[in-house]
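Two complexes, one shared chain (subunit A), two partners (subunit B, subunit C).
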Partner chain A sequence: MSAISGHEDTVGLQRKRGLSRRNQDRLTIVLFLLPAFIFIFTFQIYPMIRSVYYSLYEWSGFGPLTDYVGLANFERLFTGREFWDAVWHTALIMIWSLALQLPLALLLALLVERDLPGRGFFRSIFFMPYVLSEVIIGQVWIKMFKPDPQFGFINAVLEWFGNLPVIPQIETQAWLADPKQALACAFVALTWQFFGLHMLLYIAGLQNVPRELEEAARIDGANELQTIWNITLPLLGNAIRTSVYLSLLGSVQVFGVIWVMARGGPIGATETMSTYMYRSAFLKFSLGYGSAVAVVILVISLILSTVYQRVVGQHDYIGGI
Partner chain B sequence: MQKAKTLIWVVVLMFCVSLASCTQGAEVPATEEPAAEEASGEPVTIEWWHISTAEDHKALWQEMADEFMADNPNVTINITVLENEAFKTKLTTVMQSGEPPDIFQSWGGGVMNEYAEAGLLQDITPALDADGGAWRETFSPGPLSVYAYQGKNYGVPWDMGMVGFWYNKQLFADAGIDAPPQTWAELLEDVQALKDSGVIPIALGEGDKWPGHYYWTYLATRIGGQDAFNAASSCSGSFTDEPFVEAGVKLQELIDLEPFQDGYLGATYGDEATLVGDGKAAMELMGQWAPAVEKDNSASGEGLGDNLGFFLFPAVEGGSGELTDAMGGGNGFGIGRDAPPEAIEFVKFLTSKENQIALAEINVGLPVVKGSEEGVSDPNLLMVQEARDKAVYFQLYYDQYLAPATGEVIKDAVQGLFASTLTPEDVAQQLQDSHVAESCQ
Partner chain C sequence: MMRSIPRKDRGSSPGKFWRRLLQYFVLSVFLLFIVVPIVMVVFGALKSRGEYATSPYTIPDPPRWENFVRILQGESIWLMLLNSLVVMVTTVIGVVFFASLAAFVFSRVRFRGQTLLLNVALLGLMFPLSIAILPTYLVVRELGLIDSLWGLILAQIAFGLATSILILRGFFTAVPSELQDAAYIDGCSSFGFFWRILLPLARPALSAVAVLAMLGSWNGYFFPLVVLNSEKLYTLPLGTMQYVGQYGSEENMVMAFLFLTMIPALILYVFAERQIVSGLTAGALKG
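Coming up: the complex of A and B.
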């Protein structure tokens, strides 16, 4: 690269091409950024633009685009009930993630950061689900939730406890087959998949919390809970903001595990925005309408992301990791 | 700080590993026979996707492919075996990218028409009509027409049967039932009797949706007959007409008896076949492939054997449909747009009389080529074959016959009926709305 070569060369180049030093630096930056930009443009930006274009057509996905319908796809989407159900289910997953999944991850992070026996082992075990593919996670949890106690682990356990006289009986449940429970079951699998990631973020954050502060608090007579509440948590702010951000955006896009486990069913009980997009585009052969759903998901993600960055401050979430 | 950095590296590394594990092993062709040295013609590769996952059947297809490759050393046949639901998803994706496989599983009807209209399939009518229609003559005309759209054939059948009740004779006898039901009312009585005897009367994989929509479709066929369906589908009548509402009412009578296994709303067709094959459920409403899948899914690997019986979908009192009317369909080979001539030769070979007989002999399908009936020996399949051939009005499954979007709507709506969130009127209305939007312009 010319940037590495000596000062005289640079000057020569400058005169020859009339580039100022600043412009030359810019050129270098552009050159370095180009590969990443080409990649992102081809596989992210370009498809997004195409989606917007498709969303204006009534199109099955096969053959040429001929049937221009303007904003009719969006009108159908916003006036129909199905999409709003999907939005509601996505919102539920988002709320549950923030209210249950993140506190659980934080709790476990605090535990495995203590000097407890086997903490290294548990740290790895807790992180493992995140490394597994979504299909494997979905399949594992299908087997856990099978209604027939002969095949379903959870119901087998419930049945076994049911045979004991002492413990209050919990009846075996239909789980994924029950429209009232299906979304919660899928959320359990999602939690299992993601709590390890958030735990890891918190552990990384905890390593930046100076031990001296905690020790000082203890010397001043604070008990364990007070130390965590007043010292550790405030100092973990960056990590928490990062994990909330990832969790929010992750919830909007959640697809794989739910699709494998329930395909949006039964009767649409686990339909999220992404499964609805997929069903419309690829099962109902309405790629135009499906693209409209994709565009709406994109807009929602953008709004969420910008608002969140504005509210909590950009430097915070970048500094989090 | 150092520790935090290490952790980040660990995350990045694990992420890469998981990515790699996703991209690998996505598509492993089942066969990669090296083309022989003394290749006569240009080397040709044929991509063949099928969904015959049952062991016997998979092995038979493979044998046929091997035989064809041995006779035609320049041809390589790559077989991809996919599970039913996965196949539908994957096929849609490659179709949208405009690269259909050369030969693939097809049920004909609305989905095939959609592909044909987009120019993704090859018109094989010339091949059928060559030599004075030599190839065409080998097929029974009914099944062949399922793979035709606007007078052109885009595929050929290899199996055609119909849906009916497959039942466990022993469990029926144990419940004190001496003959299979002839009417809907009798069926409901028998369901109650089976329930009282402590077995699951009916297995159903309603999580997959299509098994449940058979009930509704068959009831509509029995109640309204050919006239009602023709009127509604041609848009001169409506799916909100009385027979289609009545179908929902009758189905609700069955659902109210709670005849299905626990959690059937989330169960798959595989779960359904397992329950019948293991003798835990007394019957299922399914097509001609049911015995093979039950056998394959059963714990013993044997299925019910002689204990398995077949009876026609019962008549509905006061319905205008005939007991001989049949609802069902079959399997065929669709031909992709860019399939080489060798692919058509191979399909000809697959649907030869000898190979159709071989197929029938392992009880995985009902052959459609004239003269191959002799291969069918199983008494139940003989019954299905006879009923199929007797049918004057043969109704292809709604989810395949109607436009793809409407096919999805009818399956979703009937699932709503099973879950008691929709009324019979709702089901009829949703079907009609979608049908009007998709097909009545």
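Coming up: the complex of A and C.
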């Protein structure tokens, strides 16, 4: 709030000072903005426009652009099964993120936040995987999911539990080698990477929830769950919206962890939109078709962001590093 | 059993004790989820090939530090480290400098078309590098910067600007305008105010932005993968994949390599956790 009123002050004063500084201001605007906008234009805006152009050609990436094919690349894309499979896998990651990762992160934030001794320790550990590279994260989880219990820790645990009489035995699984499980395995690694980030967003949001409100609700006879549901969650609105947006956008762009763990396989089971684009453009050397995929991904992200901002009615975004 | 635990320091309500216990229990389960994969890497890294093959899940006995020595004696890891460092430092300098110049204009000067330009500048939030990877690759190629660290650096600067401008703009806006007026009255130029007054004040925000850009550059995998071809230019994530490909049969060495490459990011995390957290939560906190 204070940031906003500070801004209004500046505006008012600048108007009063007005003309005398106008030319200097103009020069400042141009000189200060120029470097950033050269970068943004060269590496963001121009490439996007350019990729629309490339997408109208059949092009291996070698030699000049000669085979103009119109919208044939898009036709091939939308009528082929492969692309829709990739869209579906991306959508699954989105749905799982919203349904599993975020509630989990919220639960952790609620557990860690309330004046718990040692909460700093838990918070630091939970967030730690976020600073590791996707290559490390993918490799670490490949090891965890190795099918042979001799080397795959998860199957080893399942085997140990299987020897106990109390618990019903769960058989060891093929994990990444099984098309039905591979995407879920990659999602476990993604959760490992990201739920600390969402937990942090919620913890930051919780710091803005006045403790008095919660106490007042409890004095009025609300139990723990009612207080959280009716008081805490609505006040967490901003944090929840941000983490939903980051999850949606993050799901569209997810590449490294999945590529390192499964390369889109087995039999296309972990092919997402970005791995599909990478495969088409860089492994099958059809940069024209790959550009068509890229254009569709850009449009999907644009639609996501626009719809999100319409629904939420405000611009709040961060992250995306 | 449980009842015999001394009932001390539990406050007035007996329910609080059980609640705390449950709280720690749930948190510990998640703690295992986070820590076990890393512990497995550490165990593997310190085992001989034979020990890893027979008992991979036990504490290494004796710990084989020579695994690390063997990797560090090779030339390739140092070259990758150097490449990653060069790319990171250059990227961070570019991002911080250009983003703070732009953020200054967007927060302290008012002009026509500002909202439009700001939205253009923040486009990178909607289209991060990994989404716009192919278009960016094609333009880097048109510029003749494929298989050059510059191609990587320049694109990373461009895509690092949006987040940084957003964070810095928020911070700059909160600096009282009286300061600016006083500086101008004293004959300070816009750049003088920016350089001598605003930037020193904004140090916490600048370091948050810098640390986020460091992490992004250091961990980048997708873009280096498409831009760099020569092994001598490989950054650490690419080099890690290469090492895994070459020594895949020696799991203990792969673990040792993974552990070594984790260390720089973990050191950064230990020293800059506050900056990382404040940078990432800047958006969630406002409003």
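FYI, the second predicted complex is superposed on the first by the 285 of 321 C-alpha atoms of A that agree within 3 Å, B and C clash if a C-alpha of one lies under 4 Å from a C-alpha of the other, contacts with A are read in each partner's own complex, and residues count from 1 in each chain.
Everything below uses one rule, namely that a contact is a pair of C-beta atoms (placed from the backbone, for glycine too) under 8 Å apart; a residue touches a chain by one contact, two chains touch by 3 or more.
All values reported here derive from a predicted model rather than from experimental measurement.
Using the contact criterion defined above for the overlaid structures, shared-chain residue A:N208 touches subunit B and also reaches subunit C. In the superposition on chain A, A:L132 makes contact with both subunit B and subunit C. Of the two partner chains, both subunit B and subunit C are touched by A:L200.
Residue contacts after overlaying the shared chain place A:P147 against subunit B, while subunit C stays out of touching range.
Contacts of A:Q24 after superposition on the shared chain: subunit C is touched, whereas subunit B is not.
In the superposition on chain A, no contact is made by A:L106 with either subunit B or subunit C. After overlaying the two complexes on the shared chain, residue contacts for A:L287 are found with subunit B and with subunit C alike. More residues of subunit A are in touch with C than with the other of subunit B and subunit C. Look at A:A182: by the touch rule set out above, it reaches subunit B but stays clear of subunit C. Taken together, the two structures place residues 127, 131-133, 197, 200, 204, 208, 282, 287, 321 of subunit A in contact with subunit B in one case and with subunit C in the other.
Here subunit B touches subunit A in the complex through residues 1, 3-4, 7-8, 11, 14, 17-18, 21-22, 88-89, 92-93, 95-96, 114-115, 117-120, 206-207, 209, 261-267, 271, 404-405, 408, 412, 415-416, 419, 421, going by the rule given at the top. On the side of subunit A, the complex with subunit B involves touching residues 60-63, 127, 130-133, 146-148, 172, 174-179, 182, 197, 200, 203-204, 207-208, 262-263, 265-268, 279, 282-287, 321.
The touching residues of subunit C, when paired with subunit A in their complex, are 20, 23, 26-27, 30-31, 33-38, 40-41, 44, 56-57, 97-99, 101-102, 104-105, 107-111, 117, 120-128, 130-136, 138-140, 142-143, 154-155, 157-163, 165-167, 170, 173-177, 180-181, 184, 189-191, 194, 212-213, 215-216, 218-222, 226, 236-238, 240-241, 244, 251, 254-255, 258, 261-262, 265-266, 268-269, 273, 276-277, 280-287. Remark: subunit A residues 2-3, 6-7, 9-11, 13-15, 17, 21, 24-26, 28-29, 32-33, 35-37, 39-40, 42-48, 50-51, 54, 107-108, 111-112, 116, 122, 124-129, 131-136, 139-141, 143-144, 150-151, 153, 156, 192, 196-197, 200-201, 204-205, 208, 238-239, 242-243, 249, 252-253, 255-256, 259-260, 274, 277-278, 281-282, 287, 290-291, 293-294, 297-298, 301-302, 305, 314, 316-321 touch subunit C in the complex.
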